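Please find one structure pasted underneath; my questions will follow.
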Amino acid sequence: MIPLSHYLILGGIIFSLGVFGALTRRNAIAILMSIELMLNGVNLNFIAFARYLPQTMLQGQVFAIFVITVAAAEAVVGLAIVLGLYRNFKTVNVDEINLMKW
Amino acid sequence: MTLKLGIFYFLAAFTVWAAAVVVLGKNIVRAAVALIFGFCGMAALYVLLDAEFLAAVQVLIYVGGITILLLFAIMLTSRIGATTARVVNDQVILSAMAAVGLLVGLIYASTSGIPAMSGPPRLPETTPFLGRALLTTYALPFEAVSVLLLAAMVGAIILARKE
Amino acid sequence: MDRPIPIGTTVVMERTGETMEEMYVNMGPQHPSTHGVLRLMLKLDGEYIIDCIPYIGYLHRCHEKIGENRNYTQIIPYTDRLDYLASMSMNFGYVLAVERLMGQKIPERAEYMRVILAELQRIASHLIWLGTFGLDLGNFTIFMYCFREREMILDLFESVTGQRLNYSFYRIGGMPMDFPETFLTDCQVFLTWFKPRLPEYDAIMTDNILFQKRVQGVGISPPQVAVDYGLSGPMLRACGIKWDLRRNDPYSIYDRFEFDIPVFDTCDVWARYMVRRKEMEESVKIVEQALAQLPPGEVMAKMPKTIKPPAGQIYSRAESPRGEIGFYIISDGSPKPYRYKVRSPAYVNLSALPEMLKGCLVADCVAVLGSVDIVLGEVDR
Amino acid sequence: MPKCLSARLPWFEEMTPEEILGQLKQKIGDAITQSEVKGIEVRLTVKPEQSWEVCRLVRDIGFEYLNCISGADWMTHLEVVYDLSSLQHLNKVHLRVPVDRDNSVVRTVTDIWRGANWHERECYDLFGVRFDGHPDLRRILLPEDWVGYPLRKDYTDERLVPYTEYGMEEKLAKAEGEKAAPKDAKSLQPPAPAKPATA
Amino acid sequence: MMTFASLVERFYAAMAAWGIPWIVPTLIVMVIVVSVVLAYISVAAMFMIWWERKISAHIQVRYGPMRVGGWHGWAQSIADGIKLLLKEDLIPAGADKVVFVLAPMVVFGATVAAYVTIPWAPGLIVRDLNIGILYMVSISSLVVVGIIMAGWSSNNKYATLGALRSAAQAVSYEVPLVLSLLGPVMIAGTMSMGKLVEAQSGRWFGVLPGWFVFPQIVAFLIYFTCALAECNRLPFDIPEAESELVAGFHVEYSGMRFAMFFLAEYANMFVVSAIATTVFLGGWHGPWIPLPGLPREVAHGLFGLVWFQVKCYFLIFVMMWLRWTLARLRVDQLMAFAWKVLLPISFANLIVTGLVLVLGKQALLYVGGIAILLLAAILLAARPAARTVRVGERT
């Protein structure tokens, strides 16, 4: 059987890659992608727990569904903001967007 | 049992490689394509964990919805065909250290104190159970999420609309 | 107007800093729906057209310079190549201009022959237009139906003139030969076959809700704009202005037939479609009446060996399927015209295209261009 | 659908070409050098300076439909010819504006009839008549880098093979008993026209 | 008809008896199954291409392919296939090579992956997943991602516009498609294709065959419209509208890659009509008689197979028939139609089905009230679309 810890390690790796991406990427859309990765890492852990801890009555999977919906909503609003940024600053490069008012 | 482990390692490697391309990829479109393959790898992992409903939902919503939205945004914002010279900003070393530190903490937490349990041989069909759970025990979060989605839709339309 | 930037691949776009908000797309010169070598430079905002600059001249053959070096009879084959989809009407307009200049009377039978052939040519030209218009909007079947009918007309023309596209059959002073015996019966057969086909076209195109949604309210040209640009033919009759040279400035023997002029007043692609669609029925009526009243007699008036019209100038106009075809001829008594100018309807109708395209989508641009019904041979001369 | 624009003058329908000519002469008589009525057509020759005013007046009088603007080369001078008509009646106006060959400039009429835009561009393209005030005066039929104005009578181009009518010229000359000047080698000079009829 | 499944068990037992580890037989079965499915797809696609040309020819009063291969040019599409194989396979300069090469594979792979849960005959199904219908819908949304990758990577303005349009069209039509499929799933109570078909075996009021199309006629129509948009068939074939965008996203493809796109389109058409047949038209149900030589189950299986193909190819015929008679919709009309008309109606259908299932008889008065309310809402929503906003109104 695949021990639970393998899944948790994999979830951790993907989560930390997402954190690294979110902190270092210059393109706003790439940051959104990294955030999606972080949420996916978390999802993996939830589903692993639901599979290995039968007493939790699949709460992990229910929570994973909620994470997916929230991720979708967050991606939509994030992209709308990026479009607004782009229309005013003509760039999506996060470093160049440092004015509070455009 | 080694077959399942073999499949797991292959899928894990594939997903981590895709995530790495997303994070470090030069061309933003290549990053989006890698993201798609990353999500498909995750869906395969969910099937390994007997969560096939979630695998299908993951493919349908993440790949069929969010990635198309991302590609849409990329086409609308970047000059077509432009590849950004510098991908990472100057605080790369600091954030790399923070990420590695986080990773070490997570690995320690996930290996120590968890007995090598194996859990039931095979979960029964999860979809009906999920459906019943969502509408009975988790009815309140279910309604809250629907309100959240509505708010997100309205907000996005207002933000993205051209004045 | 800043100098239009030559564009092609997206690499150029990168240099010029174009984004999806403001992009130049080049439709033509070889593009499936520009009906010939016309290049439309479209300035797009996403899917909406901000501005359109037509570039013509790819098919310019200095028709007028050649005209000045040919005598009057040698020009007839050149007029065929103007609007090659309706060459009978071009010959008719030119020959009419020269006869008016000379004040030449032609025999009755020749007049009737001219009207019959011109109206059959109008039906054939509208059939091609309907086929390619349907093709532009995605309906492939109508193209096949229209070409089936057009083949029958071309066979008729082949039996009369021996040619299928460029006939150069009209002569100054009448017609060179009479109809073959079989022509009258064949023509009758065609008319009886063609009349029930028109409701069939309606079933596929006119009553098709998808087609209606694509054409209604698109490519608006209000009457003031139409008159100001000097549009003519179906473009004018689609704006509620009842102006058809066959009725309002009657030439040849058109005043002997009764037929009505279809007029629609919604000024959009739908109105132009319906005008041409109804005109086919009218042309059938004219041909039937002309066949019935066809008088016997010879077909060619007595003409001098070399035609030398008296010195003078004339601007004569006739009704071609695309609009008012005008010939401005200055003659100085020599067998060659001193100055020979062709006023082509498609040239003028095309100049109003940018006006109609403002605010349309790329898909509308194709529909509007189809409804303007241009033929590049006539536009570029 | 409302009658067309020119319905401004109610009494207009019954006007005969002579009355129209009278109207024009009375309003702007000095600009008209020659005038004549031929059937339903009023023919005018107008001084280039006042050509715009005359066009303006002709338009107001009721000719709102511009059929065509064409150029003509009379060897001594160029000429811009306006053909106007109306959608209400059958009267026509044939306006000729002589322009000298070298700096041929005429004021544009695109602000009166927008349809004149492409006609004027073609006239510029083939005759070299510049229309000042034209929004976008570029060559329309010929490529941008074309040199010279082809429809002028004195346009020479090495690629232009002079058209010699096969045997027609000699036959004609013999038929009229050598009245015409003996033709030397088919030089490029165009045959001098008999007498350009400007009546 | 358990013969197919029992066959596989007997094969496993024999292998195990010889002491071969269980991994080998599963691999062999997997290889056989995949090759059978791929063979079926290519043969079916070839047939459909030829069939479409014959149908369009018949509609347009002409003959269609007649020469290649004798009777009615049956080998025409094979000849086309070979021609495409021999054609040069060029990658445009400046194209994003990796994504350019990957795109046709993603499109074809996704389409083939959807064949896993198609119930060909009673018991004859590659893998009866218990999320069958949801799996097929989500896999076919991968096709759209492939199209965007193709359009984007070929460095050509027309292809990019085509890719943008297909993305917008896919997002608009996936929602009503999934909702319209929920109706029958609610009635059957399961998402697995095999069980869905079994649930349609009874009779409605004794006379009508128990298919779901009768109670769910509205859902069927919505599904069929969305299916047309899903596989980019006219009147929704905007991504590769010849007259405007030359050839849409696959303008830069040639040779084998173009053949992949072409086959994927027809294979996708079959997938979509297979889902419709399974969910609405009662899969392999149909009158059958026991054949003399064979046991009852085998005969039932064969008839089931035939009935399934008949229904699928009838739906494909309707798709082809529509292609050659209707005109093409504009992008904004298409969007408005999806969001303002199809979506509200599919929601209404969902609510009504739920009420009828739960309340049974008293549902009628509830349904009546809600129907009136919804009709008012739809009529309000589907008011004739206001004229597209003009940039600077003219006189």
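Per-chain residue numbering starts at 1, and chain names A, B, C, D and E are given in the order in which the chains are listed.
Throughout what follows, a contact is a pair of C-beta atoms (placed from the backbone, for glycine too) under 8 Å apart; a residue touches a chain by one contact, two chains touch by 3 or more.
Everything numeric in this text was worked out from a predicted model, so none of it was measured.
Shared contact partners of chain A and chain D are absent; no chain touches both.
Ranking all chains by how far their C-alpha centres lie from the centre of chain A, first place goes to D. Looking at B-E and C-D, the interface holding more C-beta pairs in contact is that of C-D. Put simply, the C-alpha centre of chain B and that of chain C have 61 angstrom between them. Between the CA-based centres of chain A and chain B the separation comes to 6 Å, rounded to the whole angstrom. Our note on geometry: chain A versus chain E, Cα centroid distance of 32 Å, whole angstroms.
The set of chain A residues that touch two or more partner chains comprises 87.
Multi-chain contact residues of chain D (touching two or more other chains): none found. Those residues of chain C in touch with two or more other chains are numbered 10-11, 13, 20, 224-225. If you check the complex, the residues on chain C that touch chain E are 9-11, 13, 20, 23, 25, 31-33, 47-48, 50, 134-141, 144-145, 148, 204-205, 208, 210-211, 213-214, 217, 220, 222, 224-225, 355, 358-366.
Those residues of chain B lying in contact with chain E across their complex are 3, 27, 29-30, 33, 36, 40, 52-53, 56-57, 59-60, 63-65, 67-69, 71-72, 75, 80-81, 125, 127. Residues 1, 56-57, 60, 62, 64-65, 69-71, 223-225, 227-231, 236, 239-241, 243, 248-249, 263, 265, 306, 311-313, 315, 317, 324, 326, 328, 330, 332-335, 338-339, 341, 343, 347-348, 350-352, 380-381 of chain C are the ones that touch chain D when the two sit in their complex. Interface of chain B with chain A (complex): residues 1, 4-5, 8, 12, 15-16, 19-20, 22-23, 28, 31-32, 35, 38-39, 42, 45-46, 48-51, 53-54, 57-58, 61-62, 65-66, 69-70, 72-74, 76-78, 84, 86-89, 91-92, 94-96, 98-100, 102-103, 106-107, 109-111, 114, 116-120, 123, 126, 129-130, 133-134, 138, 141, 145, 148-149, 151-153, 155-157, 159-160, 162. On chain E, the positions that touch chain B within their shared complex are 23, 94, 96, 98-99, 102, 129-131, 134-135, 137-139, 141-142, 144-145, 148-149, 152-153, 155, 157, 160, 163-164, 167-168, 170-171, 174, 178, 191.
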